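Per-chain residue numbering starts at 1, and chain names A, B, C and D are given in the order in which the chains are listed.
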Amino acid sequence: MPSLPPLPRDTSLRLYRQMQTIRHCEERLAKSHQRGLIHGACHTYVGQEAIAVGVSAHLREDDVIFSTHRGHGHALAKGLHPRQLIAELYGRETGCSRGRGGSMHLFAPEIGLMGTSGIVGPCILQATGAGYSFKLLRTDRVAVAFFGDGAVNNGAFHEGLNMASIWKLPVLFICENNQFATEVPFQYAAGNPTVAQRGAAYGLPGVEADGNDVLAVYSAAHDAVQRARSGGGPALLECKTYRTRPHAEGMGDFTYRPREEVEQWKTRCPILQFRRRLLGEKIVEAADLDIIDRQVAELVEEAHEFAEKSPWPDPQTATRHVFSESHGKHERH
Amino acid sequence: MKATLEALSEEMAKNPRIFVLGEGIGKRGGNFNTTKGLFDLYGPERLCDTPISERGFVGLACGAAMTGTRPVVDFMFSDFLLDAVGEIINQIAKMQYMSSGRLKMPVLLRGCIGIGHSSATHHSGNYYPMYAHFPGLRVVVPAAPGDAKGLLKTALNCDDPVLFLEHKELLSTKGPVPEGEYCLEFGKASVAREGQHVTVVALALMLHKTLQAAAALAEEGISVEVIDPRTVAPLDMDTIARSVSKTGRLLIVDEAFAPCGIGAEIAAQIADRSFDDLDAPIRRLNGVQTPTPYSPSLEAAVVPNVETIGRAIRDLCEE
Amino acid sequence: MPSLPPLPRDTSLRLYRQMQTIRHCEERLAKSHQRGLIHGACHTYVGQEAIAVGVSAHLREDDVIFSTHRGHGHALAKGLHPRQLIAELYGRETGCSRGRGGSMHLFAPEIGLMGTSGIVGPCILQATGAGYSFKLLRTDRVAVAFFGDGAVNNGAFHEGLNMASIWKLPVLFICENNQFATEVPFQYAAGNPTVAQRGAAYGLPGVEADGNDVLAVYSAAHDAVQRARSGGGPALLECKTYRTRPHAEGMGDFTYRPREEVEQWKTRCPILQFRRRLLGEKIVEAADLDIIDRQVAELVEEAHEFAEKSPWPDPQTATRHVFSESHGKHERH
Amino acid sequence: MKATLEALSEEMAKNPRIFVLGEGIGKRGGNFNTTKGLFDLYGPERLCDTPISERGFVGLACGAAMTGTRPVVDFMFSDFLLDAVGEIINQIAKMQYMSSGRLKMPVLLRGCIGIGHSSATHHSGNYYPMYAHFPGLRVVVPAAPGDAKGLLKTALNCDDPVLFLEHKELLSTKGPVPEGEYCLEFGKASVAREGQHVTVVALALMLHKTLQAAAALAEEGISVEVIDPRTVAPLDMDTIARSVSKTGRLLIVDEAFAPCGIGAEIAAQIADRSFDDLDAPIRRLNGVQTPTPYSPSLEAAVVPNVETIGRAIRDLCEE
């Protein structure tokens, strides 16, 4: 499948490190959720790390991503520091959204993170809009929408992909098909459960990739990003995957899927698989990876401590930013 | 809420035309346990898990109601329902009128509203003022389990579309629930506490906070009459006006936004029909005009609480 | 294409009569619009008659249809009397919606006309809902949504077809692809301008038919209706056609399409073509058809006179039926 | 409306980041000629005809505004916009807040409202009360061509999302239009007529009918002050309160529905801050609470007219 030459060693290590960072953050957050440090909902990305990482590897800082309720991985892969993520979930002033947002409202536009979302669907339309901007402004920037299989049955998918197609906008639509929307199987919810085939309905290429294989994602995303960047228009990429934690922290898991299925998918863990491959192909030594693992663990632990020590937002600021502060400036008589 | 679950189950047992649509309302029994156990009783056609197609299944419910069944749409958080506003305002609410009364529209749309537990801005809206603005809809905002049961039963037996919006922080509230066939008429407020000095209208979670504030104020010698409208469309202005004619003072406490809200409507009606009864300005205390912030420190700052309610009542009594 | 045995003579004559009734009504309404007898908008169905007629031929009175802004033809084909149609457009008490609705809000639920609509899209969802009722109630009734090519790019199409498919509902989705939404070409507005192919995206059969050939529509609809009625689930039928009058009466026409194209399509008039075929295959004599033409002309003229003489609705009744009148009855203490 | 067309064209000439999205707004120049001639000047990318995907292109506009362009969504009839309410209320209105001010949201959403010419219930809604309820939106409802120009220019130069809703019966209104760079601040009402006995607040088409009624009443010796808020969010309550302090009487005339409407909000604020200035009950005169009927005989019965407005003013003066 990879249409690319073998990855340089440092790229491989970067992919590994990013996936591991996501995993460690999520496991930290899961613990913190139990401890009551996280005040609202927390949907982890465990099992799906290869997708955010494989796609984001091709993005520049000035490219933009739009994400979902399950967006920690996208945020980190786009370059958010774990401190800013964890502090946000702890509701602190130092969080990426200054404590206003929480897990489902992560914003860091300065690095192209244009928001995770509590509503399924809009990210698809907003990425399409970013694509419109980039085309109108004659830039070669690219916009990415990450969304789940659940969003595929939503009208936003239909309208967004169609508009991106007819106007040839530089947008990547990344469907992370983890096979369930909460507990409803995609198999049940979709008349045609193959997402990649839906591209045809809009006249755009639809590609399927193994979402647990970071190299497969990397390769498929490479082609799509290059195409979009050079004016070739949008693409739909379906990454088949599985989340190995419950839909959200604190929820039950084995009423709608058997424990064995989850266990079986854990053996296909994208990080483990990639580690095995890197070692098997003798690209790195186990020791190299162990160092990364340790560094990541420290980074995340430090971020957690930072977050826990961070101040709460000042209640006086609760209404700031409802409107633009430059508003007055533009009002002339 | 056990009371509404019972009500729904009883009505489904009686009326085979009732079916429920929503995400995770089948086997899972609903995000808020609104359909817990019903799947086993009534099966997958009557407890139908949907794709994430809010607009779609609300539109589907409209067509179903037009053709002889009685859909219940269980949409979890009211915020998700915004994608279906066109179907609600332009279709469901107008269908009886457009067909000059030849079609009925027995649709129940139910879900949660309200701020709390850091649910943040996409899971905390209160939308009843918006729905109450338009003709053709009944809008229920219960605050007590018994009322919720009685109003849900009425909803399931009436031919008009009903929005049934429960504050999620009230779902585990305990309280007396009348057994069996208990229906509560729409448009009948309840006087939740009698008093002499000031009338406070409060809805949903704010009713409970207001009652707490009123209890505290009683010790200061301030006698507060507390009214729960229970339905905001229709709105029982007679009960409110009667109370104001006694107290001469009116405060409306509402978590929802102030502009063009329920408090505005109540104030406007009282400033018209009860003008001569008023001894003081009409006051409103609302949720702050901002998207709901996530952090507990910010969230607490945007909703009225027992203290701010108490202060608002005291201030009004001093006017 | 027809998979049916040749039509009985009386069926043929019925199809002819219905198409001619629609045509005459529309031409009458176009004139009345100029004369100021019609108060709101008026979108005629001229050129598309074969579709409503070919489909409705398979429907029983207890089947239901949901239509669009261009719905006069559907209403008549489902059995609405021209009097009730014309009186409604004239705003009279005797109209099918008692003057409340006008052209875009035609209702006659007693014959299965569940409404034309001023909003593009909802008819698709409502037909899906009717299908849900029919399935739940264990009847063999069928629901039909008529809609234009413009609706295909709307989220309602996506969500409606998908739900009908996964629940195997007895619904026919009839897309009348007249190639324009107002003046925007479908070719421009849709990433994939072949509607029938969209069935695949939802796992339901998509069929294409010549929308100007009443027998082709009749045949395609026959199969789809039988299938739906017997529990086989929904189908999508694309009828390629063309409207030969402007989008709405009073609007210009030749800014977005050449006059010659319109003229060329007029030579493919579904009524003329069918007439030629009936005569060519010696199924009927010209005299038989001429009698029908005369009868239809009289019927429509009489309907117009009836409508013009009908009373205006009583202003006192303007707020009736906002709520159900049986409402009080259900409110118990 | 020539005034807004000019304003839009001038701003597009100055700012290459402005583009317009809508159905038939390209070559055709818009259903209401809102973009007539602009296609030839600015080309298809900046005057972009859309599929019938209201939710989609409003969501697209949100993403575009987040990334450096300034979309104008021209949605024809406001009724069509209901399919996009989720994108407006949950995304566009909240984006600046959610991003703690790091994103701006320069989106202009414009289209027509209002009852008239038998446009019937799917082409005649007035939705400004609903949009004014939520935080994060500016809502403009101009009544005069000059105001429309000044307010549109302000909208195209401000970083907040603006709903710009024009009554379709006013599109061909004539009136003075200042040349060139004319911006009108949001939240500044205009005193359209000065008077002594009673304050009448009226919007859009109702402003014109109220002015006619006021002129007639002047001959009876009733001096009416008429105020046009021009924007309903923000709402200029100071100007209204100042007037009420002079007249002691307030009537709000509004074609939109009464419950939780603009009139309710104005009445509630006056019943609070200007309570002591009031000499009579606050009155509202609204469009009748029903879907808009088609037939001229019914349609006329559901909107206030010069006569019913005159009567309402006279009645209030007699209170």
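Convention: a residue touches a chain if its C-beta (ideal position, glycine included) is under 8 Å from a C-beta of that chain, and two chains touch if they have at least 3 such contacts.
A quick note: this is a predicted structure, and the numbers were derived from the prediction, not measured.
Comparing the chain pairs B-C and A-B, the larger number of C-beta pairs in contact belongs to B-C. Set against the Cα centre of subunit A, the chain with the most distant centre is C. If you average the CA atoms of subunit B and of subunit D, the two centres end up 29 Å from each other.
Averaging C-alpha coordinates per chain places the centre of subunit B 40 Å away from that of subunit C.
Averaged C-alpha coordinates give centres for subunit C and subunit D that are 36 Å from one another. In subunit C, 97, 100-101, 105, 119, 153-156, 158-159, 162, 166, 188-190, 322 are the positions where the chain touches two or more neighbouring chains simultaneously. Subunit B has residues 50-51, 53, 55-56, 79, 83, 86, 90, 97-98, 121-122, 135-136, 289-291 in contact with two or more other chains. Shown here, the protein chains touch in all possible pairs. Taken together, the subunit A residues at the contact with subunit B in this complex read 39-41, 91-92, 97, 99-102, 104-105, 117-121, 150-151, 153-155, 181-184, 188-190, 255-256, 312-319, 322.
Within the complex formed with subunit A, the residues of subunit B that make contact are 23-24, 27-28, 49-56, 79-80, 83, 117-123, 288-291, 293-298, 300-302. Contact residues on subunit B toward subunit D in their complex (touch as defined above): 55, 79, 82-83, 85-86, 89-90, 93-94, 97-98, 121-122, 125, 129-130, 132-136, 233, 235, 257-265, 267-268, 270-273, 275-276, 278, 280-284, 289-291.
In the complex of the two chains, the subunit C residues touching subunit B come out as 64, 66, 97-98, 100-101, 105, 107, 109-110, 114-115, 119, 122, 124-137, 143, 155-156, 158-160, 162-163, 166-167, 320-327, 330-333.
By the touch criterion given at the top, residues 17, 19, 45-46, 48, 50-51, 53, 55-69, 71, 86-87, 90-91, 95-105, 135-136, 138, 154, 157-160, 183-186 of subunit D touch subunit A in their complex.
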